[in-house]
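What follows is a set of structures for review.
First chain A sits with chain B, and in the next complex the same chain sits with chain C.
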Partner chain A sequence: MKRVFLFAICVFGLGILFNGCGSQPGASSASQGVRKIVVWHWMTDRDEAFQELAKKYEEKTGVRVIFELYAPSDAYSQKVRAAAQAKALPDIFGLLGEKRDFAAFIKAGHITNLIQEMTADNSAWKNSLFEKALAVNEFSDGNEYGVSAGIYGVPIDVMNIQMLYNKGLFIKAGLNPDSPPATWEEFVAACQKLGAAGIQGLVSGWGEVWMIDCLASNLAFNIMGPEKVFATLRGEVPYSDPDWIKVFALFKEMADKKMLASGIVTMVNKNAEQAFANERAAFAFNGSWCVNVYHGMNPSLDYGVLLMPRVNLSRPMYIWGGAGSSFLVNDRSLVKKEVVDLLKWLTARDQQAYLAQKTRNLPSNKSSLEKIPELLAAFSKGMENVTHPNVWPVNELPRVIERFDKGIQSIIIGEKTPEQLGAELAKLKAEEMAKKK
Partner chain B sequence: MSFFAEKIKQCYTLVHEAPVKKKAIVGILAAITLECAFLRFHASGVFWFIVYTLVTGSLVFVVVANLIKKTIGSFIFVVPALLIFTIFYIYPFFKVLQLSHNAWDGISPIMDFVGLSNFKEVIGDKIWWGAMKNAGYITLIALTFQNALALVLALACDRAIKAKNFYRVIFFIPPVLSEVVVGLIWRWIYDGDYGLLNHALLALGFKDVVRNWLSDPQTALTCVAVIHCWKGFGWGFMILLAGLQTIPRELYEAARVDGANVWQSFKNVTIPLMIPVFVLVAILTILGTMQVFVLILSMTGGGPGYHTEVPVTRILASMQGSSMFGYACAQGITFGAILMMVSFAQMGISRKLKQA
Partner chain C sequence: MSINKYTVTNSAVNALVHVFLIIVAATCIFPLLWMFGSSLKTQSTVFSDMSLVPKAMHWENFYLAWTKGGFGVYFLNSLFYTVFVVFGIVIVSSWAAYAFSRMNFPGKNLFFFMFLGAMMIPLPGSFVPLYVLVNNVRNILLNSLNGATPFFLKIFPDQFVYGMVSFIENQFYPRAAYVLCMINVGLSFSIFMLKTFFDKMPKELEDAARIDGCTRLGIWRHVALPLAKPAIAVIIIYNSLSVWNEYILANLILSSKDLMPLQRGLMVFQGEHITQYPLLMAGMTITVLPILVIYFAMQKFIIKGITAGAVVG
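Coming up: the complex of A and B.
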């Protein structure tokens, strides 16, 4: 009897072990005849709204949608990579990373090209969404990654990264909250006035280096224009060029004139958000997702949105933005038609308006804009000036990006001069380009 | 059967009792041979099968040689552990070794074989060696400050003092706390504007010392090192205390009868008998501290600049930040090899100390 029992346990254990290897949610749902779609995401702030929408969708269509939340985003990212290796991705998933990661997933056959669905019925679905949000998920003909042209993701919200200012602290420092700084000089003057009143200037999560990268590229686009930035990325203009030195010098100026919040170089964005929400700094550099975050931290916070003050008045100030989060369709899903129908429904006007109101994020559907809160409307004005590395024709090499961002940290802490960083980056870029060849 | 058993036992004894130098030379030669064969036959499935079988076979050999006096039945009980070890330890090791010779983004089904160039890059990577230096600095502080504190407290608790169990519990609280929580709490304590430390310093009149401790390149690494010691001294304390309690009391009594004072007893009784424990604590400290990661991530994220970067954060940056999985694996293997060398060197030193 004991032996039989042990044998049964062994068989059961092996069954579980082998069942866990290589199963596909789409495959299992289809094979069982159950209309079920599995979605993986990392957005803790949107999970409740997603669950609510899943219920509505099931009532409407009979298709069960399971939103599975995996947070924090780092852990989610690892999970998606591991699942891709095991070919066990769900029907729908989000991807965190750069365009080259996106391209690698497509080339490995994990993501469906949605161009046909997007362009059907006179491009009805495509036209309903913000063009710049779609661009992040788009690969054009002859792209540098060697991916077939198409649209590989559906944006479920839109974001952009801008400057915010605290109106109450402006009044306290004797500044006019109705006319925030529009030029670099005005910004410097405002920070100095705030400093004199004992108020910290700019806070941002520059311990997460991509945020430094974001501001630096905004300033670079404004100072030298996109073409020269792209020429640098292609290796045609060195980082020791005077225009780049000018960009780096702005960070030195901010540090020297004490315009930055204390400890900014090791501050993660969550701490920076807390500092701004608790009125410890007058300016913040943050994305449109912050409307929801600040509301949670301090509902009575009175603040406004402004474009990053311009250094070169003859050029516009470009900002990073586009699709906030996108959903991608697993190319191996056996319920692809149902998955596309769900995504169409999720990005339709009413659902987008619901998500925008519930989660305070900018909707990806153009027609949902009329129903959004005032602060989000202010953010949406910046969409005209949006750009993003994922839509650039060329991208920087990973090692150069890291050294660029860490180098700016070094300038802020007074360890390097802008010229030193420029020379160091020019040398590294040449080395990396030589390796690439 | 008994003939084979005898032969296996003889072979095992021969290997086991070989001098350390011989073992080291054979080990290095085996590694070089493996590497050369790998460079030549990396694409061959047969090669991988042979290597995997050889390593698994060696493991079986060690197990069989150890169990040879017992029944074959007892060997069967070892099989599950052996299977788990080969699947979850040996296979991943070879996979990492294979990846370290390839350029791979972690997703693409195709890997480009690049030979030893990832390792060449690691050798020339100044940031990597800077991170090693940072980890070495934290390790040095842990080896001295942390272990000295652990020894003093263990000596105190080894004596007949009041409420010694209470102290044992108190000293062991930091190691059981979550590293992320500890990192975040200390981040707040070190905060430049609202931190407790600066508040206390200001209250005591040390206005000039006040700073943003974790954003200042002069202090960031030391601050992390101090917290690492605070978090880790409890382990050393427990092991050292256990070691102290194994020393027979009669030896101290005999020393006292011979006229030895406290220092002489410590120097001539405690230290010689504690050498194996010191070595164990030192090895654990080095291995644990060189791999420090969570504290760094929760306190500074490796910044400002590269001032608190350590090898594991660099491996993570290569893997996640830059999607260079092959390079990250080469960093991992280099790091593992360095740690192994340090551990072997320490074991050699301890053997010499014991002989002396």
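Coming up: the complex of A and C.
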């Protein structure tokens, strides 16, 4: 017996020597015919719904889907990056970061191009999803990152940033909650009426400067149109242009007419959300994730969604938005076909409606709107007007963005005039462009 | 009793020192009280009721946190990791520290400074190499098991062999890898602390033990280790705390949620945009309790550990 045991140890050792290095863990399971798909994600609030969907999918197809949650998002990102280095990414994963990180992963061969699957059957899959949500995962010909053109991710939900108003406070101030302001003048008048009733107007997390950037860019798109905004970003139109001064002047008007909640310039979004949920302000400028947040903070809050009131009535109001979260397919996955089938199923109408109802996120499938709650549907309608810096042909330089956002904060607190900011930005932009050359 | 200038000054200084210490103590204890108070509120009242003692106490939050966060399994996992990691650190660091302190071998100082250097590297800096190492060893192990399985099937029943392979792959290896990584993380500080302690230990004690027939290992076991009790107590407390609260490395190395430590349970309550504060605070209160027990149980050793070396031998 002792000899047999020694022999077994030797065989085991030889196994280590001859089979030691090489293949990935997934390879063995695939070769044994195990139908299993592993998904890594960071979305704590969606995990329960994902587990339910995984069960349904296994019952339907016999394919076992394992959703593995790694949170918070920082820890998740570290795991994904480490796994990428070890070439041990799962079949499906999400990537948190900027577009250049996305491009780096594609170039390293970690992400599959899904263009063929998306465009098969007269682009049935592609057409079922919000176009603007796909744009975030899309790389066009000749893109600045040098990535082959294609679609590299599947949006599982979408988001956008809009205005919200408290219906109860509207009634208290003698305003009609069924007819929220559609123009800038109406918005100013509503805020003044609210102010007269002792109710604060607009609250938003403008301590996080990107939210100021977002509103200013919405207003700029509406006042001067996308082409002129892009021309400014390319350095062809200065920030001292009258249209830009008009954009900055709107912030001055809001401050002068006391339309803003107190402390808005230094307020983080979490506090702004609390203020709106606790009915301390009548308007909020916030992302669609707020439906979930407000429900948690004050389930009885009665509010509506509206597009930012237009300044220029001859142009639409653009809003920031796009894919909320996307799933990517590991190019080294041994079960790629099954993975694509799963993603098609996950983004189909019924599953998207289920996810929206369960998690209060906006569905990425256009046809799910009729099956989701009214508030989410109202947010989803804004997807037609969505834009995002990630899909713009040109982006602003970091130093200019910083001065732009801080400059608007200075206008709100009365330290600068719109004209001063315009001149300052025009000068800085010229300097930065010269450096770039 | 006469009141002179000295007594007045002394009393005033004492009063000031006490007021300062009370303020410091209050700032330390306030977060704990706030955590406990918030654990008894609802998701709505946590944003509106700012009092430490809520009007309506929701004790069910503790039950909900325990069940919803799946704390049962995580609690056992954390206990397992803490016991094995701390035990491993105490054994390995005391051997290493004793060797660095008492033995002469080539490159002794270089190795010791390398250990000290490792203290300066923050944990996130070693994430990628650790992950790659753990993953490669796992691949080697799995391929070896696959290679050896046909042979074992000839000797043992199928169910036993497949059960063992699955156990090694899904339970033994991930846990062992995490424990070894955590031992590695805690070694530098512990070796440094124990070496300082052993350096000050009188050589005469060792000579006496050697005359009595003790080997090197015997001296370590019967002389060095008992004398180092205060330092070891500090090492136990310090490492227990760091293993109990560790999550990032666990998140990196472990994949199945059944293997995750207690901190994973807390993540369930932190959504991408919304946090369930009452349940999170209830979960944190549960998490803090065992470590408080360890701290109170070993409190008397802390002062001794801090003054370690002064009374060695």
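Convention: the second predicted complex is superposed on the first by the 315 of 437 C-alpha atoms of A that agree within 3 Å, B and C clash if a C-alpha of one lies under 4 Å from a C-alpha of the other, contacts with A are read in each partner's own complex, and residues count from 1 in each chain.
Following the convention adopted for this analysis, a residue touches a chain if its C-beta (ideal position, glycine included) is under 8 Å from a C-beta of that chain, and two chains touch if they have at least 3 such contacts.
Predicted, not measured: the structure shown is a model, and the values here were computed from it.
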Chain B versus chain C as contact partner of A:296, first or second or both or neither: second
Partner chain in contact with A:399 - chain B first, chain C second, else both or neither: first
Which superposed partner A:75 touches (first chain B, second chain C, both, neither): second
Touching partner for A:43 - first (chain B), second (chain C), both, neither: second
Which superposed partner A:410 touches (first chain B, second chain C, both, neither): first
Touching partner for A:104 - first (chain B), second (chain C), both, neither: first
Partner touching more residues of chain A, whether chain B or chain C: C
Which superposed partner A:365 touches (first chain B, second chain C, both, neither): neither
Partner chain(s) touched by A:380 [first = chain B, second = chain C, both, neither]: neither
Contacts of A:217 with chain B and chain C, given as first, second, both or neither: neither
On chain A, positions contacted by chain B and by chain C: 78, 81, 85
Partner chain C, residues of chain A touching it in the complex: 4, 8, 11-12, 14-16, 18-25, 28, 42-45, 47, 68-73, 75-76, 78-79, 81-83, 85-86, 88, 274, 277-278, 289-290, 292-293, 296-299
Complex interface listing, chain B residues touching chain A: 105-109, 191-193, 212, 214-217, 220, 299-301, 303-306, 317, 320-324
Interface residues, chain A side, partner chain B - complex: 74, 77-78, 81, 84-85, 97-98, 100-101, 104-105, 107-110, 200, 207-209, 262-268, 280, 398-399, 402, 406-407, 409-410, 412-413, 415
Interface residues, chain C side, partner chain A - complex: 43-44, 47-48, 124, 127-128, 131-132, 135-136, 138-140, 142-148, 151-152, 155, 247-248, 251-252, 255-257, 267-274, 276
